[in-house]
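These are the structures, in structure tokens.
Two complexes are shown next, each including chain A; its partner changes from chain B in the first to chain C in the second.
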Partner chain A sequence: MASFGDPLDSITDPSDWAQTEYPNFSKLDSLLRCHICKDFLKAPVLTSCDHIFCSVCIRRSLDLKNKCPLCSEETFESNLRKVLLLDEISTWFLRNRPDLLDKHKPNSQPAPVVAPTAPVEPEKPKEPIRYESRKKRTADEALVECPVCSTFMSADELQTSHIDTCLSKKAKPAPTRPTISNFFKKERTPQTQPDFVKKKSKISNLDPTISTSKLKEKLNHWNLPTTGTRHQMNTRMKEFINMYNANLDSVNPVDDRVLTNRLLKWEGTYSLEATSKDDDQEGSQWRKKYKSEYEDLIKQAKANMKRITTNKDTE
Partner chain B sequence: MSSTEKRLLKEYRAVQKELADADASIKSTGVVALQPSEESMFKWNAVIKGPDQTPFADTLWRLEIQVPTNYPLEPPGIKFVVLNDTKLRTSKVSGDSKICYKMPHPNINFKTGEICLDILQKKWSPAWTLQSALVAIVVLLANPEPLSPLNIDMANLLKCNDTTAYNQLVRYYTEKYSRYESLDV
Partner chain C sequence: MAPKVSTAQRRLLREFQELTRSPTDGIVAGPISEDNLFKWRCLLEGPPSTIYENGVFEAEMDFPSDYPLSPPKLKFKSQILHPNIYKDGTVCISILHPPGDDPMQYESADERWGPLQSVEKILLSVCSMLAEPNPNSPADVDAAKLWREDRDRFNQIVQAQVLKTLE
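Right after this comes the complex of A and B.
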């Protein structure tokens, strides 16, 4: 059996509640999960058959076939509707989960299962690492976390100024000092997205017959790399469209540049290169293996052609 | 960590929890063991138990699972572990679980262990898990579908309604090609 040690500690499961004083929480825990990734819903969307998935999960799935994973009824991407309230609920639950687990732990025995302080590599800031900083801030719902440096600030500040400096790696610590303008800013009302999202519209699906130059144009337009084979570019563009559209379904959307960063990371883990190389190799091996047969076939075909033309001539 | 690996870890945790209460879980699902192999997170090994009230009852089978890189969008490749006679007899093992290395079933390839099951191909849905796919295989053992066979001989017996012969043949193979070994090899 493979030993997963640390990564496994960071994996949450509805059964985590079994050891607490309130095991019924496991029901809520499993209800708030996406049926595709089995993780807590992120930017949930409702299908035309009334089922809910993470936006990015169902978009990836519908890329392959237009069927609902739960009831296999025909479902189309254009029919997906975001459910902001559920996004807020799921985010709240995810944030407060470690705390809740902690509070409902039976006093007599320390539960060994929950290890929220598990060390996590810095490039994948998942739940455990956020937990420490979020715990202090749970009361302040209006604050959002910078996806790059993990500091907390208001959504507007993040969008207008912070993200630029953070992404251009100026290494300037974020000004957390409250300013007068911050003081007067009204908080976002529940179930609404920040204003900058409302101006954006979804990217339409990629036409599979798009020419390579058009595809490159499209990638350039979104500041994505145009390296690699056609297949790689295609996959990259498709995934970006999924990420971009899913981001617009989130109650706490991030900047496009953050998406680009995520996409490049995703490409690293997905090992696009490896799969496409295999394809090429298979092709060349195939060609080598059947080289003589191909040549024979070509000879035969040429001979046939000759015979037909000479026959015609004699007639 | 890719989303596929993350999802596999989640499944691993869920299965671990469930198999902790092994007896109840095996009784309800027929899945005896399910875990990733030592070399890769994308290769899993499993053991299932033949369903009660069928000729497959009281016998265990090993299965190999190959997880594609874009799982769960694509189905896992699952097949029975099949050993030939010499391999089965030469390697020395001991234990108390009766494991069979042949699978005589209309929808399972006798030589390769391949499984013909719609949910492992066209009807796969990303909402399924490795465990639920295994449960479906256990159900397939109890409910063969002789109209789309991979093993024509077994299918023909069922088409002719010769259940006695079918049951006897299954019993013959499960007795002849089984050996006792420990589960965690």
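Right after this comes the complex of A and C.
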């Protein structure tokens, strides 16, 4: 079977937590994932039937049929509502996941043994939790604040391990403690999007009966290529609409130019011609396989033709 | 963190990883080559206490570029006689049919393909299809007829096919 290098390493999975001191994270890990792409939720939206997916995933799915993939209830794109708080949570988790995994790696002492199977029941966490709280309780008498991240811990822990890792991490979320530099740095309030998004509105879905010239006009308007067949242009425009609308559901939306770039990349990996090529291949294989039978049929037909014409001649 | 691979490829890689990490009994599946994640080879064990028991059947899966929105195609490479498997090996099973193109409303919508289904679920459904053929929607009419009318002969043929898969 095939072996995979890099791409497989970039695929994360809830079972990654199984070997850590806190295998229960696998539950949170799987809860924060989209049911369609199985990646962490990106710009999550809520359907009218109360289910959450990545905005772009559910939009692509609803393009095919207006039903919730989870409960099969009728669902429409226009009813999707963004959930910015969840986007922030999911983004935070994704960003801090490698570090969390690392911190909870079992050290030299044998970690509490937990079944390595993926979904861990909520009863199990006791061991690791006690481990954590015991550590905190012994240090209760002298808690000190980390000057970098403002969390409290024992002086011992701060000096031995925490301070180094905390300092080496530049991207740590800003401390809540007001400092002068923070005061001037304008921080966005939680659950809000940048102002430029507020001025934008969603692109309405593509009318399937749109004329090719109108379609080209639309593509031009969004600076998208107008090359390829009508079908390719259609697919391109549809995907751009999904990406554009999904971007407006994100707590960290990107510039339109970034979207255009992503679309072109998507087109590279998606291969718009895939289906037509496949059909052709199948067709040619079919023709090869039944070549002799075709030839027999043609011979028969020719013979029949001759007979008919000769019959006519004799009549 | 620019994605080098498409959504479909990421999902397929993830499913492959999951199947490798926590294998399901009687099922082995994975991409044939790392250059093309859209073609998988699968090995299915015949379900125990059925006539297919002890057989190891080879099948190939073809994924569309918009997977998991559209279902893959599944085709047996090993000879296998079954009412719901076409003579060329293509499997006819509701989980591989996208909902919407069933004018007779014959199959209920939740048995059909949806992005929440997976390779593992397909192969498990195929296993249960092997155990319990559905004679009401035959793909191979001759097989269905034989299965209904001359079960001994049907079993004989399958037995021979099972032995052949072990060669």
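The working rule: the second predicted complex is superposed on the first by the 195 of 315 C-alpha atoms of A that agree within 3 Å, B and C clash if a C-alpha of one lies under 4 Å from a C-alpha of the other, contacts with A are read in each partner's own complex, and residues count from 1 in each chain.
Keep in mind that, in the parts below, contacts are C-beta pairs under 8 Å (C-beta built on N, C-alpha and C of every residue); 3 or more make two chains touch, one makes a residue touch a chain.
These numbers come from a predicted model, not from an experiment.
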(message) With the two structures overlaid on chain A, would chain B and chain C clash, or do they fit side by side?
(response) clash
(request) Please work out whether A:Ile36 is in contact with chain B alone, chain C alone, both, or neither, and reply first, second, both or neither. (result) both
(request) Identify the partner contact of A:Lys27: answer first if only chain B is touched, second if only chain C is, both if each is, neither if none is. (result) neither
(message) So in the superposed three-chain picture, is A:Arg307 touching just chain B, just chain C, both, or none of them (first/second/both/neither)?
(response) neither
(message) One more residue to check, A:Lys299. First (chain B), second (chain C), both or neither?
(response) neither
(request) Give one of first, second, both or neither to describe whether A:Lys214 is in contact with chain B, with chain C, with both, or with none. (result) neither
(message) With both complexes overlaid on chain A, does A:His231 touch chain B (first), chain C (second), both or neither?
(response) neither
(request) Residue by residue on chain A, keep only those touching chain B in one complex and chain C in the other, then list them. (result) 1-2, 4, 7-8, 11, 13, 15, 35-39, 57, 60-61, 64, 67, 69-70, 72, 266, 269-271, 275
(request) Could you please specify the touching residues of chain C with respect to chain A in the complex? (result) 2-11, 13-14, 16-18, 21-22, 30-34, 41, 64-66, 68-70, 98-100, 109-110, 114-116
(request) Flag every residue of chain A that touches chain C in the complex, lowest number first. (result) 1-4, 7-8, 11, 13, 15, 35-39, 57, 60-61, 64-65, 67, 69-70, 72, 117-118, 265-266, 269-271, 274-275
(message) Give the list of chain A residues in touch with chain B in this complex.
(response) 1-2, 4, 7-8, 11, 13, 15, 18, 35-39, 57, 60-61, 63-64, 67, 69-70, 72, 124, 266, 269-271, 275
(request) Name, in rising order, each residue of chain B that touches chain A in their complex. (result) 1-3, 5-7, 9-14, 17, 35-39, 41, 69-70, 72-74, 123, 125-127, 129, 184
